[in-house]
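Take this structure, written in structure tokens, and hold onto it; I'll ask about it next.
All chains are identified by letter, namely A, B, C and D, in their written order; residue positions are counted from 1 within each chain.
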Amino acid sequence: MSGDSFSGIVRIEAGDGPGQPERTSELDALYRSFEQELLVPLWTEIGDLMPTSPRSEALPHVWRWNEILPLAERAGDLVPVGRGGERRAIALANPGLGGRPYATSTLWAAIQYLCPGEVAPEHRHTQNAFRFVLEGEGVWTVVNGDPVAMRRGDLLLTPGWQWHGHHNIATRPMAWLDGLDIPFVHATDSAFFEFGPDQVSSTRTPDRSRSERIWAHPGLRAVSQLADTPSSPIAAYRWEHTDAALRDQLDLEREGHPGVVEPGHAAVRYINPTTGGDVMPTIRAEFHRLRDGALTAARREVGSSVWQVFEGRGRATVGDREWTVETGDVFVVPSWQPLTVGAETALDLFRFSDTPIFERLHQARVHEDGVPR
Amino acid sequence: MSGDSFSGIVRIEAGDGPGQPERTSELDALYRSFEQELLVPLWTEIGDLMPTSPRSEALPHVWRWNEILPLAERAGDLVPVGRGGERRAIALANPGLGGRPYATSTLWAAIQYLCPGEVAPEHRHTQNAFRFVLEGEGVWTVVNGDPVAMRRGDLLLTPGWQWHGHHNIATRPMAWLDGLDIPFVHATDSAFFEFGPDQVSSTRTPDRSRSERIWAHPGLRAVSQLADTPSSPIAAYRWEHTDAALRDQLDLEREGHPGVVEPGHAAVRYINPTTGGDVMPTIRAEFHRLRDGALTAARREVGSSVWQVFEGRGRATVGDREWTVETGDVFVVPSWQPLTVGAETALDLFRFSDTPIFERLHQARVHEDGVPR
Amino acid sequence: MSGDSFSGIVRIEAGDGPGQPERTSELDALYRSFEQELLVPLWTEIGDLMPTSPRSEALPHVWRWNEILPLAERAGDLVPVGRGGERRAIALANPGLGGRPYATSTLWAAIQYLCPGEVAPEHRHTQNAFRFVLEGEGVWTVVNGDPVAMRRGDLLLTPGWQWHGHHNIATRPMAWLDGLDIPFVHATDSAFFEFGPDQVSSTRTPDRSRSERIWAHPGLRAVSQLADTPSSPIAAYRWEHTDAALRDQLDLEREGHPGVVEPGHAAVRYINPTTGGDVMPTIRAEFHRLRDGALTAARREVGSSVWQVFEGRGRATVGDREWTVETGDVFVVPSWQPLTVGAETALDLFRFSDTPIFERLHQARVHEDGVPR
Amino acid sequence: MSGDSFSGIVRIEAGDGPGQPERTSELDALYRSFEQELLVPLWTEIGDLMPTSPRSEALPHVWRWNEILPLAERAGDLVPVGRGGERRAIALANPGLGGRPYATSTLWAAIQYLCPGEVAPEHRHTQNAFRFVLEGEGVWTVVNGDPVAMRRGDLLLTPGWQWHGHHNIATRPMAWLDGLDIPFVHATDSAFFEFGPDQVSSTRTPDRSRSERIWAHPGLRAVSQLADTPSSPIAAYRWEHTDAALRDQLDLEREGHPGVVEPGHAAVRYINPTTGGDVMPTIRAEFHRLRDGALTAARREVGSSVWQVFEGRGRATVGDREWTVETGDVFVVPSWQPLTVGAETALDLFRFSDTPIFERLHQARVHEDGVPR
């Protein structure tokens, strides 16, 4: 092999710890030969490569809605939306991940901003995506030709390889949270992308999408739609359903019946009705509601998650960081960092995570208050 | 072996068709020896045992609501409800099945009748069961301690081995349709039964059951309830959801979008939200709505089904039988008999079948208008 | 409804037990009306229909090889094999099942006998079938064109809807055990049957079938064969593999390692390598080996099984029946009857059962020595 | 937020392409604010983040056995094996991945070398691992207490979280190929690791492991082992079985029957017998055999693979690279790079890949000779 062209790529540093060979000139020569042949010893790398428990480079961090929203508004003035840039989306860059636009090692989170009359052109990609709406309305996302209204509290899906574009028919701008599995797909080299029309394929603005009219009836499935799909066929999970389900859980708790996750803590998971499982193969989405004063058990999980406060105020503790969080604030929980949330008012939180990846690959672990599961 | 005690059980008749042996005294002696040893030749039986396509002994038949309801009312006068008899349920006996209380070879269908103040005591059994309500209200079914109101158009489940009883708190009697897999469970020797309390374990009368408050939110799953169950955890599928889903399908058809099964024919399947599959392992339940004038394609299926007209009038053709059917009428479709339904008014029909058995055992076949699937 | 044509079908007998109505002339008139309208009350039937645990009509029974083999030989003299009769198969008729050719409520077991030069013509049917060979060789079963040698100790599959015929190229007759799900398929009205050629489609006589050459390599799967199939693609499970697996288990036990089912009791299940599950959707097949003196724990199961002694002598206890059984004897275990087998020599037994039906429909139960599972 | 501590992490460079905003001082100010708040615009990054098809940073590359084996031997002289370093494993570092010890973006491949008398101490980790043996023998891997002989042509598994150590009882050193999912587990922050004893927990040296005695019987499953496992319970896939399966496929091709993947190309996949699926949740392992002169169709796949020539000589073309490869050579195929292999002699190749990840997450794609699948 002509190793020359690769010289300088591999750099081996002799170590000193237990199990390391004695530093001799022969060893040095061997390491130089390794470098030449693009070889790296396990024994110098094992500590970083194979830690005793996950040591994510991502850090716990919070982004404040009242700091990022004004910047998105300013981008609304300065940055056009259209083909090429595709979206006026501004990603949260985890401070531990070297400036890459990654909220965690696997997840992307961004604030997207669309002004009145603007159109974000249609495209599709293998990355799974969703939007969660903190406030506002007036934008329709068109998913495979089906116009989907976006309103406060809604979760909107655009699973992998579905055409989608957005347009704002209102008189005010609208901002929302985008979530995707971009870092995961990038790390695994599995991204495909295709451009669609510059305009959205339907300008109709119905209250309910066709997907909801087929699929969002509890316990029912259209006989014309019996083939299961890897991702949910429901394009919009409406706030009124989420809110009602959470209220029911807290009412049941009050009446002494099962329903909540733990005292004062209601939670729903958004699901794919064709399977009862997660909405998309790589992304779990949930909504949590805490009574005023409730405190969640400390919980560690393999995999990372992103939380957005939907309403209320509380204390979030992630590893050795702790913050007061309020409406709109977004914080991230890297893999295996313990999380506790305490409510200082009634507190509503949206959450998404990469857990389905680990469950499907049998790498999931949960540890709660000293009880591994 | 002392075959004597079994004499007379096996009776072999020599046949004459192709492939049958010559009738000789030696053959006769051999057949007598077979009988003595409890043996039966395939060659005399194969025609009945292994037909070229299913030849159910069950016959197409219709029971008229206006004939069976008065008899149920009369039973209300004469027959008590209580321990031992357990239920004032009157089963439809298919005319081809020798007087056994079987609607088809695998399915039980009965009219159940409960007078004001009566209690049908709690029990549980491995047979899967449901109720479908044609008319009336005022009865609560208590399922594993959860009181479930029964109202017009609702489907109520009591899957295998769940405790259940009924009580009527209204001032009028109530009648409904019971469906179970009793014949199947009997044929396969898999029945267990256990008595519970003589009174229902809860006399509360809430509008919604606890199961609905946890489970009947579209696309949502309580984070406290992540274990899948073989049968649906939803105790009541409410008419307003069924009706809305069917309206949506017909509206979508009118707008030129997919949704209906075939022109003018909307249909929903009731599902287990933990899996997206059928409500119970042996029973499929569906609701069908035809526009006035719509006609379904002729369809044969392995397995049998029972239909009840919920509202409207139409023509049902099953094999060589044809009837005008109206509100409340119940008709049965034996295995592999072709079915067509034509609507003479807007027509709503409830249907249940044994299809999940065949799908799970890879014996399902469907044949539609000459197109086998 | 014109009930007249159905008169005499339903016969209701008033009962006397707890929960039965008072016998009055009004009740009698009501019951006559029920009969007229093809209706049957639950309260008169519930005891038989819904027993507290399975009460199969099938009885424990044993057929002696040295009694049935001579009758099969005699049939070899008197009964031709060919189109129409299809097979010289003589079925075991359970004494509790009214003379029908059913070994149990769901399973068919027969001795099949083929003379030198004879051909059992090709056909296919939705019933799942297998052969198990107690002794002899020289017959090839041709399965979908693939010739499969039949030899002592082999299990040969012909799953539902696969073409198959047999021909004997040896100089001696051959007898074997046929197992099918005929009673189950009959009870559920799901039988299809089709005639094929009168001759087998291949007269080649290789030692190994093509199916084995593709599939019977441990832990390996052909990259050309990645689609899973409901039934096993392995046409022949050879005795040398079965025997070796059982020897390994008993050796492991001797060395103090896990492997056997219980002390002195080794057992293997034949599986579908595409899924790791049962060989066919309705039939489980296993082979059991007991050390001399070993005794199995008493065990009840929902569903029935058929056992054939392959070699050795032992005591089989089924419910209140007990027999000494020897090579070739076939005995049946009806649903929920407790079974114990004790070995008086080293004892090898082949077994098949209907358990996959119950596992797939969530009706399976096992009860071992007082410990329900 | 006090952004100061994070200054310098995010660096945004204004772009010029289509869809980029006009470069103004206002835009510059906005970008500086983004950096301050740890925000990154999608529109400057989308080209790299979301390519139209996978653009792996990993490069096609080959490592020559006759270059790496001498270095491993030299490491045998200079580097001890023991606690801390754990293994004398030398990883292949893809030239496109910045010197990290990653063969591809998701897969680790290393040559491991163990001298006579040496012991690689026991540990366990969530990374899935296997060994493939090109040559030599005399080492036993002890997996959860079960000693597993390593011999030429064998595939040995140590799935995630199973204890394992190695010891060499022979008089000669032994080298083999290690494969793991280290890069994938690292990228997803899901690694756990635990130290075990310094010595192997069993020094027995049986020919067959206990796992094989239980599991490696074709089409058979121990009745004592009915619980499915995420990874294969077979610790060793022996060369004689692999070789026989490949011979059978090529013989079948010669006889005109199905079996091979394409003309002259036989292949087996190693499977988990409890499910029929891949041996481990993240790793697929296969063995391929080409007749002399055979040429495989060009094939692209999402995900990467590593190939080792087991015997013979051929031409491998990966993207725009082409090499003559011989016994022991290891080459890598990054995601979506087309691969063709041509045999210049009879050619045997071992292969492993990360495909199960993509299949389980519904991201798999294959493209063969212009035909996407």
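Basically, contacts are C-beta pairs under 8 Å (C-beta built on N, C-alpha and C of every residue); 3 or more make two chains touch, one makes a residue touch a chain.
Given the structure is predicted, the values throughout are model-derived calculations rather than measurements.
Among the pairs C-D and A-D, the greater number of C-beta contacts is found at A-D. Ranked by separation of Cα centres from subunit B, the top chain is D. Repeating the A-B interface, with the same residue numbers in over half of the contact pairs, is the pair C-D out of B-C, C-D or A-D. Work out the mean CA point of subunit B and of subunit D, and you get 52 Å between them. Separating the centre of subunit A from that of subunit D, both taken as means of CA atoms, is a distance of 28 Å.
The distance from the centre of subunit C to the centre of subunit D, with each centre set as the mean of the Cα atoms, comes to 44 Å. In subunit D, no residue touches two or more other chains.
If the chains shown are joined wherever they touch, the resulting network closes on itself as one ring, and no chain has more or fewer than two partners. Those residues of subunit D whose C-beta lies close enough to touch subunit C in the complex are 210, 213-224, 226, 228, 232, 234, 237, 241-242, 244-245, 248-249, 251-252, 257-261, 267-276, 286, 288. If you check the complex, the residues on subunit B that touch subunit C are 1, 6, 9-11, 17-22, 24, 26-27, 30, 33-34, 37-43, 45-46, 49-56, 58, 61-64, 67-68, 71, 74-75, 77-80, 82-95, 98-101, 105-106, 110, 125-127, 160, 182, 184-194, 230-231, 281-282, 302-304, 334-336, 354, 356-358, 360-363, 365.
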